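What follows is a pair of complexes built around subunit A, which joins subunit B in one and subunit C in the other.
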Partner chain A sequence: MSTVPTVTERPAAAGPLATAAPVRRPTAERRRRELRDRVILYVPLSLYVIFTAVPFYWMLMFALRPAGSTSLVPWPITFEHFHTVWVGAGFAIFFKNSVFVAVMSLILTTFVALLGGYAIARYRFRGKALFLIIMLCTQFIPGAMMLIPLFDIFRTVGLINSLGSLIVADTVFQLPLSIILMFGFIRNVPVELEEAAWMDGCSRLRGFRLIMLPLMRPAIVAVGSFAFINAWNNFLFALMFLNIQDRFTVPVGLGYMLGEFSVDFGALAAGGVVAALPVVLVFAYVQKFLVQGLSAGAVKG
Partner chain B sequence: MKIVHSRKSRSAAIAAATALVLVPLAACGGGDGSGDADGVVEIQFWDTQATPARTESLNEIIDLFEAQNPDIRVSYVGLPSDSYEQKVDTAIATGSTPDVITASITDSANWVAQGALAPLDDRFEEGGWPDLISASMVETARSVVPDHQLYFAPDTGLANTMWLNLGILEAEGVAVPTTWDEFYDAAEQLTHPERNQFGYIFRGGAGMFPQVLDAMYGQSGVSSFFDDDGNSTLNDPRNVAALERYVGLFGNQTASADLTNEYTNMVAQFASGSGVLMNHNIGSYQDHVEALGAENVLGLQPFPSAGGPVTVSGATVLGQAMFAESEHPDEAWRFIEFFLAPEGNAIWAEQSGKIPSNLEVAEQDWIVEAQPLQAAIAALNDPATQVLREPFYLPEYNAIAKTQLEPMWQAVLQGDMTVQEFLDTAAAAYTEAEASYRERVS
Partner chain C sequence: MAMSVKSSDPLVNRHGLLARMRRGSTPYLLLAPTMVLLLVFLLYPLLSIGYFSLQQYNVSQPWDNGFIGLDNFRAMLADDLFWSSLVVTAKWVVVQVGLQLVFGLVLALIVNEAFRGRGLARAVLFSPWAVSGVLTTTIWLLLYNPAVGVNRYLADLGLGEYGTSLLASGDTAFWAAVLAELWRGVPFFTILILADLQSAPGELYEAAQVDGAGRIRRFWSITLPHLRNSIILATLLRGVWEFNNVDLLYTLTGGGPANATTTLPLYVARVAIDSKEFGYGSALTIAAFVILGLVTVLYLKLTNFGREPNE
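On to the complex of A and B.
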């Protein structure tokens, strides 16, 4: 196990004085200090890991152990709960619907946010500041307040009972934050880079594609992953805009695991695993881009 | 890139772009599916308590119904039990309600108040159902609406039940209690905190009111929620004494964590054996059987009050309602009738573990073998039993219990409020609500 670097452990800097310094031997006080440093570091970390990991372990335990078992270890392992949710509760269909909605929302949100963010960052037009403030203000409106007007609009354009209604609603609700994120990132890319491309004969579009897009990969990944996760987890729009069983998404299916008078914990946990897995995988893949993307607009380069 | 300058061509470009987005999205599968095709009428049916087991049962019923009624197709939509209200309210507000919906008495009262449900009295009479369906259940369904009409056809009933983990009782040599005194003794004998086993499971969190009413009125023998003058009997001295004794269980014969218990935790505790006795709705019967095995589950009806009769509370009914805006009311009613008829009623009641409303079904063999259901039917049919009718017709009934009483109940359990103060506040709130109701109705 690696030790915690401390001041006393740090190797003496190279130089004449360092070589002359006597070798410091471990003392009781030094060992105590090391122990204290380790406790200060590892105890809070361990508590944090326990708080984070226990719900996941609980979920896996209930999902994998047989119904009625009180064992704290999921053994013998059973996949009956996964069969219940996948076949009995219709998750096989819900999963496909969720993937379609989340991927389409990701594509649309990222594409429009890219164009919108570029326009705000690179063009000067009347009302730009006001537009940004209005976009920020839209974040204060909860989706539930917009349900009835949205329902009426979607019914008018024939989108009720269509996954398209979810894609449109999810995209529209995520665009303000996505555009602001993109705007922050693009603003910090020196315009001179694009100008150099134009000088070399590129059109604005080609310059954008060849110069800007590669630089914006972290922002695209950050915005795209947010769009995917939000659309994946959205329960309310799916429940409200769909009246056909085969069109529902995973979050609605998850709601089926809680009855009014009873609850099937095994199926609930298995449903939770199915619902959480794509989000965990997406996060695992994009986490390094995510940090870059989020912090990209924070400091002027 | 060519820039569109003129206003006209810009509008055309916007319209084209919008169409470009919306047309493929609409192709993702729109349409409400309610259209008639080849003479077959499609009716929309919403289940407000969807679970995989319920969906399977309802699909079986729908398949049977469609086989017998080839001119009707039923489109099933399952809604999660914790969020269906918002969906239905939105549907009512936007005029997009289905034809048929599963309803409880609380739902019925809410939706009737919004003018959304169609009265079913005439159809119910014409079908000859009054002689075939439990009169008590029909009366309960009528009692929750001011005009006393029938807005949903009751197909099943529920009753509060005292659940026992028989395996633990037998292992510890504790006799099945038959009186309230024996119940308190059993709870004490079955409590072993060192083994994380408690005699009783308390409901300190959401939905605590039915358990409180059962314990209070069951022990006191008080038979009505209001006296003749419309004053709530909640703070009747007999109820106060009964509740004080009941609260004494908390922290002694129950886990302290029960302070925030709601039904999911309670059912899990009962399934794991960390709680041996539990008061909960009969609707959880199938889950207990699945977790513990039928031989280890016993469901008892309330014990008689000291020297008095059995007082049953929480006797409620569920059924099928038809929305007033249904475009196919005749077909919708035929589907509702299928839940009342012996074939559909038996499947529905047996698979959902509830009391059937059809009198013929209530005498079938499977009921005799289902001990908790039989006990509930026997208690409800016993002429000596007093049924406490809760005032579900009050629009504030659930809101008072949820927003006022639930937080105060936890204060009582923590010793920050006396039982007397709690019941005085509750009684005052319900008395005021009843007075407003009587004024409105008169």
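On to the complex of A and C.
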């Protein structure tokens, strides 16, 4: 990485250095300082990038190199491990279950949060402040603490070993934050835009569909992605509510592979790649919105 | 359905509009799905924990079920694992949140600078954020494994010995779990702090620079006060989150060796999933809620959350 600024050296005609005004001075001293700044920046950054990337690489290496190989470069590449987990370990079914749960809770969460966020941002009603406070408070309810009572409810309504239990539980835990995000976003869209549509004779629903929905795409993408990622990753609820192998999701399948007495490392790594791929793709798509979306003030309520 | 309130008068002015909003039942209809979901699947379960905690309630031995008063709580106070899990929980949350904050802050400051390759660096640095606890375990077990992990390659180079497993002894297992979770947890802080840095007061930095304040001085006097409230909120949310972090510990160490990594929520999860003692598990859950609530209130009090910087 050649990042030293290419400033042509000139015989230093710089005046007294005592002046602190930020004027560009291509002096040797300045160049030294810039070089130092670059080192301060790049050395820790590179170290941390390595720390982040090596574990991913390690998993890929195991997934792609032949069984028994100890080479640090996965060559020749083999897909035998993917075949093993997909067909032999049942990941084809787990994957289908996970996709179903994640997509359904994405749809449910986004839709319900859209309704709720719109209500809070655009209407005045009694109990609004209280409702927002309750939404914030739910963030302090740990999911692990709800295993027992949720199991009890799902057993009562006959949803144990049904993917429905997972969809409901994931949605409920994702909903409060989604509503807060939607509310923050809708509040920042001027109500005048909608009013203009109503003036033109649009109904509220039509105005919402024509004016708001297109503007809200970033918020919908963000909320939907969060919901998808969280549902896809959920392990404890799935472990608790689903006991039949046909209903397992990918994290539960991975969990069982981890618990086996003699682990097939190649297959385990391949299963990890299968688990990682959808969220990594979704994440690569949304990560740019993440900083913008959060800095729009949404997290601050 | 809910949103089909037609505006019969196309010439609604702002005043009339608000008046109509105030009157209508539309907001309640819009919030109805949320309310139903939260009441049935959040509030009711929360209340039922209180009821269960007074019961002998084991799904696999239903014939013994029944009201037993405070016996579960008495058993809890006499349970050594309960007390040791409190210590492990405190250690886990404090170490985890503290390290994540320091690394997250430094990284956020770095990737907030303009440099070539920043977009790519950010994408790589943020990526573990989306990784699940089980997947983190999968990856780090491959790294920690004494036969095929990093250790083996280091031993090949003459660094360390063959066959040592970090997960085998209680002390190293805790730190091995800390490192794995750190890998996954730092991006949360980086993202939140970076988002807050976007609104940092640029004119103050310029003024400080003119006054000759150095980089470090500017950080302590401007950046940190600006980030104050979001750091307090982020550490609190993350504290709750790490308290609740059962996936990773359940799969990576299983709470072992010798319960050295058993946090209270992990203990609850093991009681719920493995031994199915729902009554006792509910008593532990109530203890966890009480502790979490007290610590949260205390933390917000001690940090004066909400106070404006430089007040």
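Note that in this section the second predicted complex is superposed on the first by the 242 of 301 C-alpha atoms of A that agree within 3 Å, B and C clash if a C-alpha of one lies under 4 Å from a C-alpha of the other, contacts with A are read in each partner's own complex, and residues count from 1 in each chain.
To be clear about the criterion, a residue touches a chain if its C-beta (ideal position, glycine included) is under 8 Å from a C-beta of that chain, and two chains touch if they have at least 3 such contacts.
What you are looking at is a predicted structure, and each value in this text was computed from that prediction instead of being measured.
When both complexes are superposed on subunit A, subunit B and subunit C end up clashing with one another.
Applying the stated contact rule after C-alpha superposition, one finds that A:Trp58 touches subunit C and leaves subunit B untouched. Of the two partner chains, subunit B is the only one touched by A:Tyr256; subunit C is not. Once the two complexes are laid over each other on the shared chain, residue contacts for A:Pro218 go to neither subunit B nor subunit C.
In the superposed model, A:Gly184 lies in contact with neither subunit B nor subunit C.
By the touch criterion defined above, A:Ile244 lies against subunit B but remains apart from subunit C after alignment on the C-alpha atoms of chain A. Comparing subunit C and subunit B on the residues of subunit A they touch gives the larger count to C. Look at A:Phe265: by the touch rule set out above, it reaches both subunit B and subunit C. Within the superposed three-chain model, A:Leu147 lies in touch with subunit B and with subunit C [touch as defined at top].
Judged by the document's definition of touching, subunit A residues 70, 144, 147-148, 151-152, 155, 168, 203-205, 235-236, 239-240, 254-255, 258-259, 263, 265 lie at the interface with subunit B and also at the interface with subunit C.
The part of subunit A that touches subunit B in the complex is made up of residues 67-68, 70, 84-85, 88-90, 100, 144, 147-148, 151-152, 155, 157-165, 167-168, 203-205, 235-236, 239-240, 243-245, 247, 252, 254-265, 267. Touching subunit A in their complex are the following residues of subunit C: 2-7, 10-12, 14, 17-18, 21-22, 24, 26-28, 30-31, 33-34, 37-38, 40-42, 44-46, 48-49, 52, 59, 103, 106-107, 110-111, 113, 115-117, 119, 121-135, 137-143, 145, 148, 150, 152-153, 183, 191-192, 194-196, 198-199, 206, 209-212, 230, 233, 237, 240, 243-244, 246-247, 250-251, 265-266, 268-269, 272-273, 278, 281-282, 285, 288-289, 292-293, 296. Only residues 1, 21-22, 24-33, 44, 49-56, 75-83, 86-87, 90, 93-94, 96, 98, 158, 263-264, 267-268, 271-273, 280-281, 283-284, 286-287, 290-293 of subunit B touch subunit A when the two sit together in their complex.
Put simply, subunit A touches subunit C in their complex at residues 1, 3, 20-22, 38, 41-42, 44-45, 48-49, 51-53, 55-56, 58-59, 62, 70, 72, 112-113, 115-116, 118-120, 122-125, 128, 131, 134, 138-153, 155, 168-169, 171-172, 175-176, 179, 195, 198-201, 203-205, 208, 229, 232-236, 239-240, 251, 254-255, 258-259, 263, 265, 268-269, 271-272, 275-276, 279-280, 282-284, 287-288, 290-292, 294-295, 299-300.
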